[in-house]
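The following pair of complexes shares a single chain, chain A, combined with chain B in the former and chain C in the latter.
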Partner chain A sequence: MTAATMVTGRAHRRIRPQRVLLHAFLIVTAALWLIPILYAFYTALRPVSDTIQHGYVSLPSALNFNNFINVWSLAEIPYYYLNTLIVVVPGVILALFLASLVAFAVSRFSFRFNVALLMMFTAGNLLPPQVIIVPLYWLYLAIPIPEIIKLPFVGMFPSDNGLLYDQYIGIILIHVVFQTGFCTFVLSNYMRTISKELNEAALVDGAGVWTIYRKVILPLCTPALAALATLEFTWIYNDFFWALLLMESGAKRPITSALNNLQGSFFTNYNLLAAGALLAAIPTVIVFLALQRQFVRGLTLGSTKG
Partner chain B sequence: MSAAVRHRYSLLTRRDKIVLALMVGIPTILDLVFIWAPTIASIGLSFTNWRGIGAITAQNWVGLRNYTFLFTQYLFFWPAVEHNLVWLIFFVCIATPFGMFLAVLLDRDIRGSAIYQNAFFLPVVLSLAVVGFIWELLYAPGSSGLIDGALGLTSQTNAIDWLGTPGLNLWAVLVAASWRQVGYIMILYLAGLKSVDPTLREAAAIDGANEWQTFFRVVFPVMAPINTVILVVTVIESLRAFDIAYIINHGKNGLELLSTLITNNSISEANLIGFGSAIAVVLLVISLGPIILYLNRVFREES
Partner chain C sequence: MASSGDTPRGPALPDPGTTQLSRRTVLKGVAGVAGLAGVSAFLAACGAGATTAPTKAPAASAAPGGGAASAPPPAASATGQVTVGSNNSDPAPKKGMQLINAAFTQATGVAVQMNTVDHNTYQDQITSYLQGTPQDDFLWFSGHRMRFFADQGLVTPIDDVWSSVKSNFTSAFATAVTGNDGKVYGIPIDYYPWAVFYRKSVFQQHNYQIPTTWDQLITLSQTMQKDGLIPFAFGDKDGWPAMGTFDILDLRLNGYDFHIGLLTGKQKWTDPKVTAVFQQWAKLLPYCDSQFAGLTWQQSADKLIQKKAGMYLLGLFVSQEFTAAGSPADLADLDFFAFPYLGTQYDAEKALDAPIDVIMMSAKSRSLQEDMANAKAYLDFWSKGSTQLIMFKQGTGLIPTANDTDTSGYSALDKKAVQIVSEAQKITQFLDRDSRPDFAGANGMQSFLAKFLANPNQNLMALQTTIQNFWDSLPPET
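Right after this comes the complex of A and B.
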């Protein structure tokens, strides 16, 4: 230990100029990395007339939040935030719930098909969504939902055309199914690290399987669930593909897919577009800055297991 | 082990077994119906000329005709394959190694490491649609764009239309997509580096290895599992590429990708269900490589 400290200590002194170089490189690269966002923000703060007159690469004659205020009402941003909320909240909760059930069953009890089942979920999550979109689109047009509408939860998301297509319930469903794969994989790895003796002790005490899930295992998984919830919020929020193709009504789309409408309406006004894109991005940036640790842990939980 | 399993089973009541069956059964059925059934259906539909009207009958069966047309006559297929390949090679050779390089730099004990990490990671939390929007601002031609503006390419004659020029726009989009990919890989790799047993490095340092020798001879080999994950993530992300190309020009005019050809042919612009499905099958077959590699790596010890 002391030998190692001495070695690194000596190395430190010797590579001092290298440290300077390292920091210089990192500062320049990090600055380059931030340019696109800073430039978008700068453009959004400038009136369009100013940029047309002086070009976009110029010093500002005025800076204000008018573009944000205008796009907020013109593009009905709050309305699209709400659409997103309708999809994201149930999407995250259900994906985590279903994944925790499977993960619990597969990691705490041994079935013959444990590994095959986990592989199926994991592989399903890795498929490019475009592989399944065409049949899925027709499936969504073919499944009538009046029969299942009486189920709890489903009834909260009525379908105005009796189908899964063009409905929140359909978008939520595909997110849940797709994301359950990833969450199952992560949670089952996590649950496997919890001592199996806990199960046996509880079973011997006469606790049912559901009680063990609910009262013993789930509380122990809170850290993993929090990390996954943060990550899944961002992923579902950022979805463009599913809502673009499975939701026909532009007005019902969540904000990320609605960006496509925004482009159609204001394509000549880059300043307004910049403000709109930044407004669409702000919630995920806030979540990241506030729950950074959770976010990164969610990502790495899925990958660092050997 | 198996004795313990049997023992545990005997403790389960009938009710417990039903609960467990439901816990596994419901998500499994959903996964089968909404992911695996469509996957199989894609394969089946690719042998038909179904256009989405009426039932599919034996008359719709066209055998391999969709595939022969796709491989020999469809103008956009090989360009799309090429663009996907360029995308993959760019990610594998540039974006991913750069992300790994940043991770290695940031893994040491340096001041402000968290700030650098945040700067590189910020684009990862943005959707690819927003990334496309932001880079449209940078790439806009002439005085409307940052790049042309900064390079003084603002007249009619010398302005570069980065996103509107086939042959150029793919590279422009790759830079934008890499902006996001690099941070993603950096974070994954950084987590991997942190999990490497520090005594390995100490031992290497005592043996007189310099930093690069330590990394390539000691750290990189022990990180074999995470290297596979990184590779698979990179390949899968390249095959999935869609959003950014769609936002920019619906995946046309030099930005054709297998993913955009599928939706354009079968949903957005035409209803050639069978033909689009044949493209989906090509994408599926390519994707199976990295998926199997991943499953093999991750589940090896269990089976």
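Right after this comes the complex of A and C.
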């Protein structure tokens, strides 16, 4: 879009062949990325009987939104959206909050173990989650949930077994644990770019540590936080691994499992599945669009300042 | 106490509170009705040991209408619950499960809490599922896959339930649900035969005859090729369909005992008898769809539907694709015949793959002690033809196992499926159900068969040695 405006804006200039080549390349690349999505959309618009009789690569005999309407109720998409949100929203907020605290401490104050602490958090990123699945599975089965953690929204949902296993809170916690490392790394690097004098000025004005964090540093970190929030939302949203491992109730699993539910033991209606997959992808697109400006700013600001 | 059977229904964003409330009210209602219906004899039998689960309302309190005095609801048996793990996650069978659960609640007053997990995940996680917090009863497969967990003590033997229902099943089913220790571990709920499927209209149009011998099969295949048809539709992208061909060739050439022995480690894969199977298969491959490696079974079935292919060796579930194709005429046109006989002594066995699905009782369910009587009643309920018919009517393409099933609604195809299985002297469960999971999986037999299919004229003994070495490398099963 921006490229197009630039071209029209400079229309009086001579169009250089490099530019034509560049745009041809961009268009082809964009098309390559879009084709699978458009093809999925096209498939989702066709009834399954049509594709069985004529194959997927064929002209449609009928196009309608029936697959979308059916999958909405058959796969209980709204219900699973909610399941996912219950995990994603607290997960992202908690991870960002905790990471910003650690990042604030290690980047704005110098103390003996400051680098070691940061390294510890960052090193956590290098640990593949698959390594610890077995002990984690047994830990979750052995850890009872204290009454106090039974948050109101957790209690709303069925089959409270009193364990960390098979609970939303268990999934939220493991996401926070694994995402805090990366968030700390990004946020501490970002916070390092904010000048030390701000701290000193705030101290002179009588601000305590919490006030400096809350009123000075955190507002300046908005772009980085927004960028991280977008990334984290997408990652946790797309995660199936933890929910698969640490949850046993099909009814509590995230949106990704709603799609799996559409696959039968033998027969799978791929047209319906395509419609479901497109619907499942919508929230991440919405979050990206909402935070897009901050996201891009967050990425570029870091780079130019560094 | 938040027990909302399965996931809340309905297209509107569910408010779990309301969903449960309404459902609970319904349950109370049907519990009362159950009392009225006079099923107390059955309930007294199965609910004798039921320790009352904390249910909020006595069954009779919400009975709609009058007349409760005529048949007082049974005291302890009409309360409580049973939890059920289900892999019937796709729409049609899931609906069947819900209808069956509702019917069970109506008949017994016992609420069913169902945990539906999608088929693939369920299968991948069965080991950790059964060790963790499984439901009281759960759906699974018969054969080696059942015995494997029975040997590990992860499922509860149900001989007492079986002894009261076994008259409703043939001996072949009894064998399929008996563990290595001689105890019974499951109730068979449905099955489907593997056979060679074809379209009647295509055979009529070209005046083809049903082949009963290998030579006839090859001649027919050659004729089909001349007529521009792919003789055998074949799709092995998912790895398992090819096992069906291996099974039937091994059964025909080497017999049931050798086949089962081979899959359980009692016979060696380096046996020349296995070489013979691969050699026979290699003769058939020129007549199979050459694009098999990239095709799913559904895409291959589409070739049969589109009359591009003449025959397809697959399970009865191929009918689901015909149903989805939207034309009843196509479905009525579908027929099958038994895989041709190869002139060996094992022809008389008339063996075939007919995988049986079962419902079993877990061992580690944390609510099992409390629910024991209900869990048994639920298994008992599944042994009835009337229950299995509810699922059958959802169009799953799977045949009920109970003798007392009302077969009046069966299509010609279903009746033929019943016939071919009842005529079989030996029934196998399909390679991946008759062998250990780590052997049959993607790293094992699936990849070995793919390797064979990629080059059928390779050094077969080298391949067979690889298979045997793989088997030998597997850890002891229990």
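Convention: the second predicted complex is superposed on the first by the 238 of 306 C-alpha atoms of A that agree within 3 Å, B and C clash if a C-alpha of one lies under 4 Å from a C-alpha of the other, contacts with A are read in each partner's own complex, and residues count from 1 in each chain.
Going forward, a residue touches a chain if its C-beta (ideal position, glycine included) is under 8 Å from a C-beta of that chain, and two chains touch if they have at least 3 such contacts.
Bear in mind that the values here come from a model prediction, so they are computed numbers and not experimental data.
Contact with chain C, but none with chain B, is seen for A:Pro78 once the two complexes are overlaid on the shared chain.
Of the two partner chains placed around the shared chain by superposition, chain B and chain C are both touched by A:Gln263. Shared-chain residue A:Leu244: touches chain B and chain C both. Legend: residue contacts after superposition of the two complexes on their common chain; A:Gly55 is shown touching both chain B and chain C. Once the two structures are overlaid, the count of chain A residues touched is higher for B than for its counterpart among chain B and chain C. In the superposition on chain A, A:Thr234 makes contact with chain B only, not with chain C. Of the two partner chains placed by superposition, A:Phe65 touches none, neither chain B nor chain C. Contacts of A:Val115 after superposition on the shared chain: chain B is touched, whereas chain C is not. Counting contacts by the rule stated earlier, residues 55, 137, 244, 257, 260, 263, 270 of chain A appear in both its interface with chain B and its interface with chain C.
Chain A meets chain B in the complex at residues 3-4, 7-8, 11, 19, 22-23, 25-26, 29-31, 33-37, 39-40, 43, 55-58, 98-99, 101-102, 104-106, 109-111, 114-115, 117-124, 126-139, 173-174, 176-178, 180-181, 184, 199-200, 203-204, 208-210, 213, 234, 237-241, 244-245, 256-257, 259-260, 263, 270, 273-274, 276-277, 280-281, 284-285, 287-288, 292, 295-296, 299-300, 303-306. Touching chain A in their complex are the following residues of chain C: 2-4, 6-14, 16-17, 20, 87-94, 113, 115-121, 125, 128-129, 132-134, 297-298, 302, 305-306, 315, 317, 320-321, 324-327, 366, 397. Residues of chain A that touch chain C in their complex: 47-49, 52-55, 72-74, 76, 78-79, 82, 137, 141, 155-161, 163, 165-166, 244, 248-251, 253, 257, 260-270. Listing the residues of chain B that touch chain A in their complex gives 5, 7-9, 11-13, 15-16, 19-20, 23-24, 26-28, 30-31, 34-39, 41-42, 45, 52, 102, 105-106, 110-112, 115-116, 118-123, 125-130, 133-138, 140, 143-146, 149-150, 154, 179, 183-184, 187-188, 191-192, 195, 202, 205-206, 225-226, 229-230, 232-233, 236, 239-240, 242-243, 246-247, 258-259, 262-263, 266-268, 273, 276-277, 280-281, 283-284, 287, 290-291, 294-295, 298-299, 301-303.
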